[in-house]
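Both complexes shown next keep subunit A, but they swap its partner, so subunit B is in the first and subunit C is in the second.
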Partner chain A sequence: MNFKDKRYIVLFLSPTVILLFAFLLYPLIQSVYYSFTDWYNFSNEKTFIGLDNYRQLVQDPVVGIALRNTLILTVGAIVLQAGGGLALALLTDSVKRGFKFFRTVYFFPIVISGTAIGLMFSIIYNYDYGLLNAIMRAFGLPEQVWLTEHSSIYLVLFPILWQYVGFYFVIFLTGISKIPEDIYESAQLDGITGIQKAFKITIPLLRDVIASCLTLATAGALKVFDVVYIVTKGGPMNSSELLSTYMYDKAFNGQNAGYASTIVIAMMLLGILITVLLNKAVKKDTISY
Partner chain B sequence: MSTVAENIGQKRGPGRYAGRTVVYVLLIAWACTTIVPLLWVLLSSLKSSDEILTNAFGLPDSFSFVNYVKLNEYGNLNILRGFANSLLISGTVVLGVALFGGLASFVLSRFQFRGKGLFNVLFVVCMLLPQFAVIIPNFMIIKELHLNGTYWSVILPQIAGNLSFAILMMTGFMAALPGELEEAAVVDGASIWKIFWRILVPLCVPIFATVSIMIFLWSYNELLMPLVYLPVRDMQPISVLLSLVSNAYGTDYGAMMAAIAISIAPLLVLYMISQETVIKGLTAGAVKG
Partner chain C sequence: MQIRKTSRKMTVSLLLVALAGGLLAGCGSNNKDNAASSTQGASSSNSGKQVKLRAATSFAGSDPWVSAWTDAVQSFQAANPNITIVDESTPVNQEALRTKVKADAATGNLADVLFYFNGSETKILQETNEIVSWEDELAKDPEWASTFNAAILDKVKYEDKQYSLPYIGFYEGLFWNKELFDKHQLEAPSTFDAFMKAVDTFAANDIIPIATSLTTPYIQEALVLSQVGPEGQKLAYDPSWAPALNLIKDLSDRNAFPRDALTLDDDKAQALFSGGKAAMMFNGSWTAVGLSSNPAIQIAPFPLVPSGKGENMIVSGFGSGWYMKKNDDQAQYAAALSFVKYMTSPEVAGKFAAVGGTYAVKTTDMGTTAPLLKAGNEMVAQAKDFVMPIDSFVSRESYTDFLKGLGYLAYGKKTAEEVLAQAKKLSDRNQG
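Up next is the complex of A and B:
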């Protein structure tokens, strides 16, 4: 069915187009412009300062910390989220029963907001009423201050890593279910063992799925905000800062929206760069069964 | 298809059950990591703050809903009010996306016109655009449009942020529907408006349901946008209030637990009644910015 009436085309598309331009595309251009300005307190006064913000960004030690933390998060996401998800998927596939139950339970944390999970973990880490110190007391051990300058980034990343294992679990489980059975049957005749089967057949055949999980894990690392904002707000002493929380802090606490916009643009460029590089690295001919 | 455990079993007879048991122990151990923290929150929400300290793991001495009632007493930080705000905001966002997205998808899947490809590019770009990229300019735009201090200040940007994803999903679904019913309706002289409401919308109920569930989840869990765009305490959604709870409630951990439990409740219900949709939708939606 092909309609052509121009009035309806304009009428039906215009609310969408207006909203997208007003709240996404026009502001995106604004963000780029702001990143070249000196602009405090959201006042009407902005001065164009060229690349000064970008120079400051390169020298900013907190940006260094944030990048290091993002790297830790990315590596953690790849090893623990994607790796853990793959391991759990292989294990679940090896036992026939309970597959639905495990999928339901493993996926549930993803449905919950980073805010609720963040609050939950900040109570777990709390000195007086926290779950960790309750465990310490139960074992007769001394209570600890958990969130310190050295430990904060790991403790704050733990909930994020924990939350998304189930996501990769589901993706890998779906991938495994698409591998045809006859491949295993012929290997069976050759006397392959279970562990060999996983490493020599299943994992190589999941290469495309693994590649897309790597991209998702890396791109996802740049989007994290909620949990860190709730548990530590980037502290103590900026030790658990990510670019997103640092940007928020600069814009809405430091009232330096020009520099915050520069951080935003840096985040976007980093995201594009990583995606392009990853796509190049993993782009080989796709597997067909 | 034979399994890891079975294969181990084939090699050494009695080891068969041992292998299976180890696998189950590992799988159940991970299941515990997702269940135990939530159970802890639920049980603690029924205890007094003192009892959380002295009896961290056991069942509460007496089941009391005091903590839930107390949430009403924090006048400036009323979680129940925030919950209602969340339902109002996210509900409106879902309706807006379904209406505008439905109309736009109808045009894209059923109308012929020049420049259609351009719209597809627009939607893909807007879908991949992360929210933090536009957060600072939108803060200003909301003021310029005199939306500050109204629910629209969070509703409109959220509709804009979710529209592209919804349109890409819905256009795909609509394009795959056969057009015979519509052709018959045209022959009978039905207007385009009527064809949309009477024929297309009823056929598209499944995709509207999927998209609505996902957008409700995203919107309900969203923190950054309402945090920045809507500084009015009485109108803020539950996600923003949760981010303030740990400072405002002091050591009233029982109330905090009740607040978390209330915020999770609708998600739990949604997950129980439409688990398949939620899992499929959230894995497909991971690419969204």
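Up next is the complex of A and C:
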């Protein structure tokens, strides 16, 4: 490339780079600084307190609950969201009629906003007016309190997973459609069953797609906020608290932005750690066919 | 090569022309507005200079006074064509208004006129040294000053200075459904015994005794005030509050609250009460407007708890007031002052009063005030004393932690002493 071309590249990349720096990198560096300060009420005073916020973070029981919940969410996302998407794609692919119908139905929840889904489920789980208790009443069963401190994270997991299963479903479906027909034909001549076809041919050939979907699912699970906050606000007695909801609560309800910045740094480090581990786990040679 | 160069030059020049045209179009209309208003301004009694006032209030979103506010702003602009109001009002929920004003204060970018919280929030505004103290203006205009209730003016002073002009007050009271009480032959909940009898009777009859979310502070405030009175309430998180907090656990054990109170939000709790599924609700005057159409709903002060000191005490206050920014520009200052005087005039205040609340200024009765609203105002007038809620003089972090702790307490996961100690620790840390 000669110098003239490079000039245009720089020119067209610069707006994005400037925006990225101004709204992502610079605030991140500032957050690292704020995490070492006592900063209340978004005031002008920020007193440097060294590692006190981090000490509080380590001793905070709510952070422990949040980490446990994040783990549950990540495992749920990998197994049920990506895994569920894969299972649905395999099933839909083998269906002869109604292929387009299933594809639309499974993809549909993605276009609904997370806030709307949250509101809908908070009404479904409501004790007096909710749908679940109405069904219980219709069958003559006693009404239940659905959101308890033991069940809240699992009940909140359901709408989160349901919303994005369709996304992975569509990705896998596309991946499956790229596999050449002749592999299946030659396997059929050898007398292969449906399940063997799925496990011995389709899944191994989809390894790249599975790897990228796992990364996406994990990243998605780490940044969930809206559905959890709307349904439980962190749940009965902090039981469905995530790092993101706890950070929001500390920053805006508690007006303690210093400690909230510490939580942000913790979130970031956790995300990097999980992503690095995941990349190591799925790193294999690429497949070509 | 030649053709490619010229076509690229043409595309670039077309884009530039479109961009320039867009910018000029915008400028053009501004110029026209300025020209028109300056000619109009010259003929009005004001100085004729185009003044832009930024106003940041809480009248936004689902606030009940939004329409009264926007009408008042429009009629002010119609009467004063040289003044434009830039409405920066932000809703109070999710702490949006607090965050906005605090960020504005920190960056030296406060609006000209604010309708914002009193109490601990005044400190933050006062520290900017940019807000006016109203004593001088009140002294200059005694007629305007006389429309304010002197006792209330006194209550909202900060460090003995009048930084905020009180306006709309709120009160919190025990709303109860007379129809449900009569149906179960219960007397009005004016004593603690009658209150507890009602709780037990309703719980046994599948009616929710008290509609409340355990994430909102209202009934907790009522119990604490009833137990320790105004003096005790000022001692943040004092161990003397423990009996009141233990009452919360007691009520929760007796199924006084909705079963999912820990994840219920305030709107749903209000819906339970207005829908007749709950018999009582301790909430604020802002909910009275929605309930006023049902003649069965009554309001009363919270009963005195056993060995309590807060008899006939109301949680009430003038939690917000009008602030004004200092300004060297005379025209700007005069415009802001005339706007505040307009908003606090009896006619405009009367329009706000028709929506609800209790007022620190004289209001012209619009003749449409519902009986429940009148009853609420009576309750405040007959109260022995009124105090601001706890959150107006403690740090927000300790307060949110305290409320969360009460949720744990209601389900027996923490003791009252633990909750108070933790909140006190946070409060001390926030002060120091």
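The rule is simple: the second predicted complex is superposed on the first by the 267 of 289 C-alpha atoms of A that agree within 3 Å, B and C clash if a C-alpha of one lies under 4 Å from a C-alpha of the other, contacts with A are read in each partner's own complex, and residues count from 1 in each chain.
Assume a contact is a pair of C-beta atoms (placed from the backbone, for glycine too) under 8 Å apart; a residue touches a chain by one contact, two chains touch by 3 or more.
None of the values given here were measured: they were computed from a predicted structure.
**Q** Sharing subunit A, do subunit B and subunit C clash or fit in the superposition?
**A** clash
**Q** Using the touch definition from the top, say if A:K223 reaches subunit B (first), subunit C (second), both or neither.
**A** first
**Q** I'd like to know which partner A:G64 touches here: subunit B for first, subunit C for second, both or neither.
**A** neither
**Q** More residues of subunit A are touched by which partner: subunit B or subunit C?
**A** If we count touched residues of subunit A for both partners, the winner is B.
**Q** Under the stated touch criterion, which partner chain does A:K4 make contact with: subunit B (first), subunit C (second), both, or neither?
**A** In the superposed model, A:K4 contacts subunit B only, not subunit C.
**Q** With the two complexes superposed on chain A, say which partner A:P204 touches: subunit B (first), subunit C (second), both, or neither.
**A** After superposition on chain A, A:P204 lies in contact with neither partner.
**Q** Just subunit B (first), just subunit C (second), both, or neither: which does A:L147 touch?
**A** The second partner, subunit C, only.
**Q** Figure out whether A:F42 sits in contact with subunit B (first) or subunit C (second), or with both, or with neither.
**A** both
**Q** Looking at the overlay, what does A:F252 touch: subunit B (first), subunit C (second), both, or neither?
**A** both
**Q** Quick one: is A:Q188 in contact with subunit B, with subunit C, with both, or with neither? Answer first, second, both or neither.
**A** first
**Q** Touching A:G235 in the superposition: subunit B (first), subunit C (second), both, neither?
**A** So A:G235 only meets subunit C here.
**Q** With subunit B in view, single out which of the stretches 42-50, 60-68 or 132-140 of subunit C clashes with it after superposition.
**A** The stretch that clashes with subunit B is 60-68.
**Q** Please write out, lowest number first, the residues of subunit A touched by both subunit B and subunit C across the two complexes.
**A** On subunit A, the residues that contact subunit B in one structure and subunit C in the other are 42, 122, 126, 128-129, 252.
**Q** Show me the residue ranges of subunit A that touch subunit B in the complex, using the header's touch definition.
**A** That would be residues 1-6, 8-9, 12-13, 15-17, 19-20, 22-28, 30-31, 34, 42, 88, 90-96, 98, 101-116, 118-120, 122-124, 126, 128-129, 131, 134-135, 138, 162, 165-167, 170-171, 174, 181, 184-185, 188, 192-195, 197-198, 216, 220, 222-223, 225-226, 229-230, 244, 247-248, 251-252, 257, 260-261, 264, 267-268, 271 of subunit A.
**Q** So in the complex, which bits of subunit C are touching subunit A?
**A** Subunit C residues touching subunit A: 94-95, 98-99, 102-103, 105-106, 124, 127, 208, 215, 258-260, 262-265, 268, 271-272, 277, 395-397, 400-401, 404, 407-408, 411, 413, 430.
**Q** Across the complex, what residues on subunit A touch subunit C?
**A** 40-44, 122, 125-129, 143, 145-147, 149, 152, 231-233, 235-238, 249-250, 252-256
**Q** In the complex of these two chains, what residues of subunit B are touching subunit A?
**A** Spelled out, the residues of subunit B in touch with subunit A are 1-8, 11, 19-20, 23-24, 26-27, 30-31, 33-35, 37-38, 40-41, 49, 52-53, 56-57, 100-101, 103-104, 106-107, 110-113, 119, 122, 126, 129-130, 132-141, 156-157, 159-161, 163-164, 167, 179, 182-183, 186, 192, 217, 220-221, 223-224, 228, 239, 242-243, 245-246, 251, 253, 256-257, 259-260, 263-264, 267-268, 270-271, 275, 278-279, 282-283, 286-287, 289.
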